[in-house]
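Take this structure first; my questions come after.
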Amino acid sequence: MKIGIVTGSVVATRKVESLRGERLLLVQPLGDDGKPSGDPLIACDTCQAGPGDRVLFEGGREAAMALRHAYNPSDASIVAVIDDVVEEEKL
Amino acid sequence: MKIGIVTGSVVATRKVESLRGERLLLVQPLGDDGKPSGDPLIACDTCQAGPGDRVLFEGGREAAMALRHAYNPSDASIVAVIDDVVEEEKL
Amino acid sequence: MKIGIVTGSVVATRKVESLRGERLLLVQPLGDDGKPSGDPLIACDTCQAGPGDRVLFEGGREAAMALRHAYNPSDASIVAVIDDVVEEEKL
Amino acid sequence: MKIGIVTGSVVATRKVESLRGERLLLVQPLGDDGKPSGDPLIACDTCQAGPGDRVLFEGGREAAMALRHAYNPSDASIVAVIDDVVEEEKL
Amino acid sequence: MKIGIVTGSVVATRKVESLRGERLLLVQPLGDDGKPSGDPLIACDTCQAGPGDRVLFEGGREAAMALRHAYNPSDASIVAVIDDVVEEEKL
């Protein structure tokens, strides 16, 4: 899982049946230093996350496991809204 | 899921049985700024997308879930035609 | 799916049972401009492709779906021999 | 599997049901030379690993296989605490 | 599948049950020119490979298909020891 921040949403009328009713959020992955790292992606929401929330998101087949339909074609899901990141070991 | 734009199609006579009847579209992934980012890929169409359409596409095993045969070997599918992207949080 | 060109083959006597009888071809991925892009990989053949053929290949779990044994450990398969790529939208 | 070092943990109250009870650890991947390489990720713990431990972690669908719920949406798990890495071949 | 060379092994006492009895080998991926390319990874052995052997290894869910337990959490396996690579097409 990676850490990202919700920055917006996507509106799509024509979509595959199994994505109907899912909220599609725009997520910007964050790097080591808490700054944007890499291209944004679109993830299905499972935690009522909103713009500005720091979230844990997942990629690949397992993302769909978090959704109502396990055979959903989604390849990215938000699985937690982060309260805090505790760093104990300095490298 | 990532955002891309349909730029063309692929013609292939010799192909695996489970890809017969699927439209194979050429998709250029788009980055943060809406400009091309990375190499184009070939995705199966599920939404009657055409050249110039901005689409959501997916990679990995879940891509096949969007197709008629779930055991299709496809590793990329177009799952939505995008109407609008709403950015609410500026980073 | 990505576009690549078949450049050779791999000979291996000691291999896992489920790969026996599969042809292992060396594939060079091609980028946007039709030039080599990234490291070559080894893919199982399903379309009687040969050296010089431009092919569609797939990665991940779905690659095995194209083979005789769906529980094959292969993570890359050639699923089509390309006749033509039609680019309609210029970016 | 890749080698990483545990550097901290993540606290999340709102999360998907199947992640409840799993410890979410912050892992920094290590490169060839034992130095940090790439962005940190969040992995579920299966070996009572703690900050400073050098661990083997896994990504993708197989990560969930190590957890109590195989249909867990986790895409990264710690599967071993490393005692020693023996390098026998110099490149 | 990719080509790599076995450079050593990993010793781990605390590990998930399904990895017990599997040999964990250190593999350095090789690029186009036969030189090291990218970070080394840890793969389960299925072919009695040893240090110095050039091998085919696989990543993702399919890697576990090569092992005794298909629900093994491994995400990388050695599936063949390479005898020869025949390059027929020059790019």
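Order of writing sets the chain letters: A, B, C, D and E. Residues in each chain are counted from 1.
Basically, a residue touches a chain if its C-beta (ideal position, glycine included) is under 8 Å from a C-beta of that chain, and two chains touch if they have at least 3 such contacts.
Quantities reported herein were computed from a predicted structural model and do not represent experimental measurements.
Engineer: If you take the chains that touch chain D and keep only those that also touch chain E, what is left?
Structural biologist: Both-contact set = empty.
Engineer: Using only Cα atoms, superpose chain A on chain E and state the rotation angle in degrees, rounded to the nearest 5.
Structural biologist: Rotation angle, to the nearest 5: 145 degrees.
Engineer: Can you check how far apart chain C and chain E are, centre to centre, with Cα atoms defining each centre and the answer in Å?
Structural biologist: Roughly 19 Å, centre to centre.
Engineer: Quick check: how many Å separate the C-alpha centres of chain B and chain D?
Structural biologist: Inter-chain centre distance comes to 31 Å.
Engineer: Going through chain E residue by residue, note those that touch at least 2 other chains and give them in order.
Structural biologist: Chain E, residues with two or more chain partners: 59-61, 63-64.
Engineer: From chain D, heading first to chain E, what order do the chains fall in as you go round?
Structural biologist: From chain D, continuing first to chain E, the chains appear as D, E, C, B, A.
Engineer: Which residues of chain C touch chain B in their complex?
Structural biologist: Listed in rising order, the residues of chain C that touch chain B are 1-3, 29, 31-32, 37, 46-48, 56, 58-66, 70, 77, 79-91.
Engineer: Along chain C, where are the residues that touch chain E in the complex?
Structural biologist: Of all residues in chain C, those touching chain E are 5-16, 18-19, 24, 26, 28, 36, 39-43, 51-52, 59-61, 63-64, 71-76.
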